[in-house]
Amino acid sequence: MKRVGVFLCWCGSNIAATVDVPALAEYAAKLPNVVYVEQNKYTCSEPGQEQIRKAIAEHRLNRVVVAACSPRMHETTFRRTLASASLNPYLLEMANVREHCSWVHQDRAEATAKARALVRRAVAKVQLARPLFQSSIPVNRRALVIGGGIAGIQAALDIADSGHKVVLVEREPTIGGRMAQLDKTFPTLDCSSCILTPKMVDAAQHENIQLWTYSEVEEVGGYVGNFQVKIRRRATSINASACTGCGACWEKCPAKTGNEFDLGLGQRKAIYVPFPQAVPNKPVIDRDLCIYFKTGRCRICQRFCTAGAVEFEQQDVVVEETFGAIVAATGFEQFDHAVYGEYGYGKHPDVITGLHLERLISASGPSDGKVKRPSNGAVPETVVFVQCVGSRDEAKGVSYCSRACCMYTAKHAIMLHEKIPGVSTFVFYIDVRAAGKGYEEFYARAQELGAQYVRGRVARVYQRGDKLVVMGEDTLLGAKVQVEADLVVLATAMTARHDAQSLARTLGISYDQNGFFTEAHPKLRPVETNTAGIFLAGACQGPKDIPDTVAQGTAAAAKVNNLFAKENLLAEPTVATVNEAWCSGCLWCKPTCPYRAIDSKTISQRQVGKILTRQVATVNAGLCQGCGACTVACRTGAMNLLGFSNEQILAEVDAICP
Amino acid sequence: MTAWLDALRDHVREFLSEPGVDVFIGYRAGRRGREVPAFLTRPEQASGLVLGPAASGALAKYVLEEAAGTTGRLGVLARGCEALSLQRLVRDLRVERERLHVVGVPCAGVADLAKLEASLGALEKVESCGERWLVTAGGNRHDVDPSQFMEERCRDCASPWPQQCNISFGQAVMSPASPDYSTVAALEALPADERYAFWIRQFERCLRCFACRQVCPACSCVECSLDLVDPPWLGREITVPAQAMFHYTRALHVAGRCVDCGQCQKVCPVGIPVALLNRKLARDIQELFDVQNPFVPGEIEPLGKFRAEDREEFM
Amino acid sequence: MSVGEQSWKPTIVAFCCNWCSYAGADLAGTSRLQYPATVRIIRVPCSGRVNPQFIVRAFQRGADGVLVAGCHPGDCHYSTGNYYARRRFLLATRFLEYLGIEPGRLWVRWISGSEGHKFATVIKEMSAALERLGPNVKLREGAL
Amino acid sequence: MKYVYYPGCSLGGTAREYGISARAVNDALGLEFQELADWSCCGASSAHMTNLDLALALPVRNLALAEAQGARELVTACASCYQRLAIVAHEVNTHPRARERANQLTGADYKGGVTPRHLLDVLGKDVGVDRVAARVTRPLEGLKVACYYGCLLVRPVKATGFDDPEDPQTMDTLVKAAGAQVVTWPFKTECCGASFSMSRTDVVAGMAAAVLSEAKAAGADCLVTACPMCHSNLDMRQSMAARVARTTFNLPIYYITQLLGLSFGYMPRQLGLNSHFVKALPLLRRLRLV
Amino acid sequence: MATPAYKIDAGRLPAVLDDLARHRQVITRMDRDGVNVFARYTGDMPSLRGNGAVSAREHFLPRMEKIHGYQLAPGEVRLSPAGPVEPAVLFGARPCDLAALELLDRVLLEGEFLDTAYQARRAATVNMALACDSAGPGCFCRSVGVSPAGTAGSDVILYPSGQALLAVATTARGAELLESLGLPGAAKDEVDRAQDACEQLVVPVAVETGPVTARLGQRLDDPYWAEASRRCLGCGICTYICPTCYCFAVHDINRGSQGARVRCWDSCMFKDFLTMAGGHNPRPTRKERFRQRFLHKLQYYPEQYGSPLCVGCGRCLDKCPAGLDMAGVIMDLGGGQ
């Protein structure tokens, strides 16, 4: 037998001034199964709560309605009250007679009439309330970080430092990512590798971090706390423990190709470490290039390896590991600006991208830090920078701003002025976006050093003699401008990895129209995804500069850590649940679930002597967030939402209408 | 007598003699000129197979009962709409496609038997003969023009030729038309009150016999929400509002999943234009979510997915 | 206008999603925005939870208007719920009209947690519109 | 091959030579051009600057005529006409309300079934370089040509799009087929200032000068175009351009159809080569091409 | 003495109906969107050709009928009776539908359990039957002892004669009613001719129930039931259009603190018809349900009351989507060709 107690709050005069609470009390007493009604000046006050506890005990209440403020305000408060009176907290229903009634209406009669309806609704709903219990999922305290760039490294270190095991997976032979390719970093101009390399080494040596380079994630199953992940560890052809990294092998290797790390500006061998400070500092064999793998002959490297570390017969291995959380930090790619034929990239060797320039400026770069024109090795006298190549261009590129270009271009200008006395630099820009600590000052410094900022887009770049003519427009002067340049540097957009979407599918997270992974909430849950237990760090979530990337790496780590702080995850019990007897197993509910919480399972039931085995839907209470989209997709109503069940909502509708 | 019928019978005979085959669902001659669903289990029964204009049932739905608790393969004779119905059941995971052996046959429209009887008297036989129908009724033979006596729903059939069959016989006789939404449009043109009056007049007649649901290939739920007492989606009371709720719910439940076989309307004993509800929803789905053909079962139903750039009317 | 008409006020049943529209209504309250006492809110986790059958049920039981309110597309707390709601109600609104219900009876609006004003305005507008339409008799059940 | 053909106003007037040479080439290649009955001005180059309704209605009127005559394509030789028709065709096909408006203005019932095409496109795609080459009887050996497309032919891409907007090739391949040699230069699609042809001759002179200088710098001894506007600017205004650039260009400006016609063996007069401002024949004589 | 006969000319019919409607509701057959239904006469011309899509039974056993209302107050339940039954005339029902009433009477009015609501409606309704001068394609009334001119269950019988109707009372209250209408008399020979025409009418379908009924007792486990029921769709058409089906279910319709107890039609063909509180269902498959319906009509009822529970109206022959009808089943079971 349902025994409902109704507690009407005056909220001082907040409610009582507009709603005739005594009359409401009289009315409530007549409602079905209401056995006790009480008014309080402040129900949320300690005495008010005590009254509820007492009433529950004295009148053997098994359902409680509190007519007061918004449940968003005090639902948790009163749930605790019920719990402390050893009544299941979910047997509470609130009627919002303050925010939704007394505060927004003046006519006492009307407000009171409405309050009746609201209480009627609450009483009707609470009748059908069921005791609910939080479910718990064990957490496997081991994290997987995908991507060994600065974001991944930072996340891995922060997780590892708080005592949890981490596997850091990187598909290249070394960690370090984009940052390793940079020379200096804005706005402080400290040397990129000087601040990155130590972190790379820390990551490699950390007792809690396993570094898996030359490896890729292939399959992800399971859910928060218990992800099953298949990782392919590609054959490096080198016995890492034996290799001393002496370098003899790549000295001798006869097969050459353009070095990806230097974007083709320099050369590498078939057996190589991408760059001197690589971590791990052990070579890998590029089997597509290696003469032995192509012809079956050569083996020079093996011959010269005193440590006998070269193992041609190595095979890829696929390992399956269990993790409690995953951080995706797969970074970005450069926009393919080939679409800007008018900028002559590819046609003229002296048209390069910002990243190329980084390599040219870098002391460890192909030109040992001397900026030379790729065409003739001459020192450039006039350099033109073109901003927003791809960025902010719906027609040919992407709609968004890549955020870092303005600043790294300023950096490039500054560094050129420092390296090449008398150089003249022009920057064609749409807007300069220097929002960041010390950024505006940095941009100002570039101008002081002589960088000439021209507000306008570049129309075309073409060769005249050994010069490049840059035709553009100065929108401030409203005139066409032409610059004869030796070097043209394109600030190409940052775009999502070409294969980001397939990784997103593997991970079961969503991505935006540009292929960047989407966070659970743009403001409040910036590093979480809609898939519990999977977090984001760095440019895979959207273009970022280094400070933001590092911050996000740390943030993601913090999220992982507080997930790992618990042995078991407690999940809210207001989740979807399946009535298997009713479920037809059509699974139309499945696609509507943003959390991949719905799956199918086989049940068998007796029917007229026959044993029927059939598929039905099943909900993973740990993943379900209780949105209820599935309940409407279910025609039978076999899929129901605890706390907001079909029965309850129908009853509410019945009760709330006159 | 259709040319391919013998070939069909031979095929079914073979099929039924294969191991692991439970049944073949087709038609056999019934009384009073009818052709009724037949459940063949033995090869020799194949010779009893018929398929004429009078075969007006919907075989697809029978698969549900036949497949429940059995494991063997099920053969089904399928005209265009029946093939779509089977696709629907398969897509709704109510039967595994592998278990089905779909035998496609052409369709030149199904005869409206009531109409034939009304004008020619008690039927004895209805057979198709080339472009025409030979009808034996009230002791006489009549050579009738199919277009005169064809079921309403067959007139603008978009898929007379069965798709996704394991095998098919004969060749297409009717060319696909595109669904005629003029009745829907005409209704939409009425003032709200007249539209309401129209529908209420229809719903008042509803007996809640659930024939429209029972015959519907999109209504394959193990348990129908309309049968449930708790939650009371549809009260037990038989009042006009409740009847409206019934038809509103039924239509929305098949929205995006209806294959337009028209059986719901055909079987209604009190002539409620049920399909007119389905068609309205189908046309809106086609327009709102630019679905190519709303009647062909897709991977995900239009209401089970969305596009961020869907039409926005609720700002 | 007769006294009867004057004294009649419509009844609006509003389904508000917990994260945006219900919060929006709360905000309207905390900012003491006044609107007609016509609306009665049923709290749901997400507009994607609102089954079109609830709408007809409300009309059966005597509602003069029904409001379904959720987060703006793109802001759904559950990221996609309101997109499904949008599709369902693009269809349901048209279908109800097809059955002869006046267009103005069912409203769907996106109201964020910060749009207390919008909530109040919507209720004002909707009440006014419904007063013009008069009491709903369609689909409404009589005394048993 | 049969086509419905939209001549446009220029080809009867300022660009007569283009008109007749186009006919000559079409005949030589067996292209049947049936003139669109009752065609009217497309509104280039002023309508779209002055009155949007006009800019919409004028092309649609012609498109509707073509559709009514059962044509799926409407071919024109004039770049401006082509661009206006293409832009509007794209407009009405992407915005139903624009179509409604246009039909309301013109009283026509245009369904959107006509694709405007430029003669170059037809020659390049439908006829194909090989068939053109096969027809060449007098290869234009020694002629160094800068192919000048201007801005109208290839932009905006979403409306035109039969060739690369930055580095188009159709004319290049045709000219090569005719036996001439093509210079690579950056100003293929640079603007000549056409729209200012009458109002701001100074601007035109400047822009024309730039184009002509680049062509000369690239070693061309003539330019070829497929646009009456470009032609008039580079030809008629060449002297003024020369004054601005303080140089002499003396670069004949040919229509693509004139060069093709020549290579097909037509006589200069049949191609209107005698009616240019910058004498068109001396260069050809020097190279023994006439 | 011979009962007087009256003549209702076509032109006079509206006036007659208006007369009738003056003191009581008139239920007659109307055309609604091409469907013939029994409905209250409100001045529109009735449509008396053919037969109603649904039988006249629904006037006596409505689809939903209030038993009583109730009001919940703290600690008590207040009941309120259903409204009174209006006096009525049922005009133009066919002899088969009215013959069905006598079959229903035996169940609902005889014996110790009395269906008072049904009784009240029967008592309050004067039945004016319309004899058949033409048969529908599925008619087989003669095979179950009903005649196209039968008077069972009627108070007045109307014989069509050209455009006119000839009315003859078959009960005292019928006679009383006719008198009150002040109609012109009809010539005896005209009445005889009209009556003969109907008496002689040939109906298209013929079956023999006798032998079937005799044998059914032993055929409970006949494989026929399983085989035939395979094509049954499990809808309720047959039971809901049938003049002799009378099953209902009782429901409480609750609205907060008040409500009503009602009874609504129910169908033995529905899977939940017999499902019990615990979820047990004595008739779990279509086979049992299908068999039950026909055993009831052809064995149980005859055993109790001596005649099959069917009046041969032929509705199920026309409407069953699967062609599973009474006549067909009787023939399958050996009752006729």
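As written, the chains take the letters A, B, C, D and E, and residue 1 is the first residue of each chain.
Everything that follows uses one rule, which is that a residue touches a chain if its C-beta (ideal position, glycine included) is under 8 Å from a C-beta of that chain, and two chains touch if they have at least 3 such contacts.
Since this is a predicted model, take the numbers as computed values, not measurements.
Number of steps on the shortest path from chain B to chain D, with steps defined by chain touch: 2. Chains making contact with chain C as well as with chain E: A, B. Among the remaining chains, the Cα-based centre furthest from that of chain E is the centre of D. When the interfaces A-B and B-E are ranked by how many C-beta pairs touch across them, B-E comes first.
In terms of their C-alpha centroids, the spacing between chain D and chain E amounts to 86 Å. Taking each chain's centre as the mean of its C-alpha atoms, chain A lies 35 Å from chain C. If you average the CA atoms of chain C and of chain D, the two centres end up 60 Å from each other.
Multi-chain contact residues, meaning those touching two or more other chains, do not occur anywhere in chain D. For chain A, residues touching at least two other chains, in rising order: 592, 607-608, 633, 646, 650, 654.
Annotation for chain B: residues touching 2 or more other chains are 233, 237, 239, 303.
Inter-chain contacts occur between A-B, A-C, A-D, A-E, B-C, B-E, C-E. Interface of chain C with chain A (complex): residues 9, 11, 13, 18, 22-23, 25-26, 28-30, 32-37, 40-46, 48-52, 54, 57-58, 61-63, 77-81, 84, 88, 120. Across the complex, chain C is touched by residues 66, 69, 253, 255, 259-260, 262 of chain E. By the touch criterion stated above, chain A contacts chain C in their complex at residues 70-73, 96, 98-101, 103-107, 110-111, 113-114, 117-118, 121, 510, 518, 520-521, 530, 574, 592, 594, 625-629, 631-633, 641, 644, 646, 649-650, 652-654, 656-658.
Per the touch definition, chain E reaches chain A in the complex via residues 72-74, 255-257, 284-285. Contacts from chain A toward chain D in the complex involve residues 340-342, 460, 462-464, 469.
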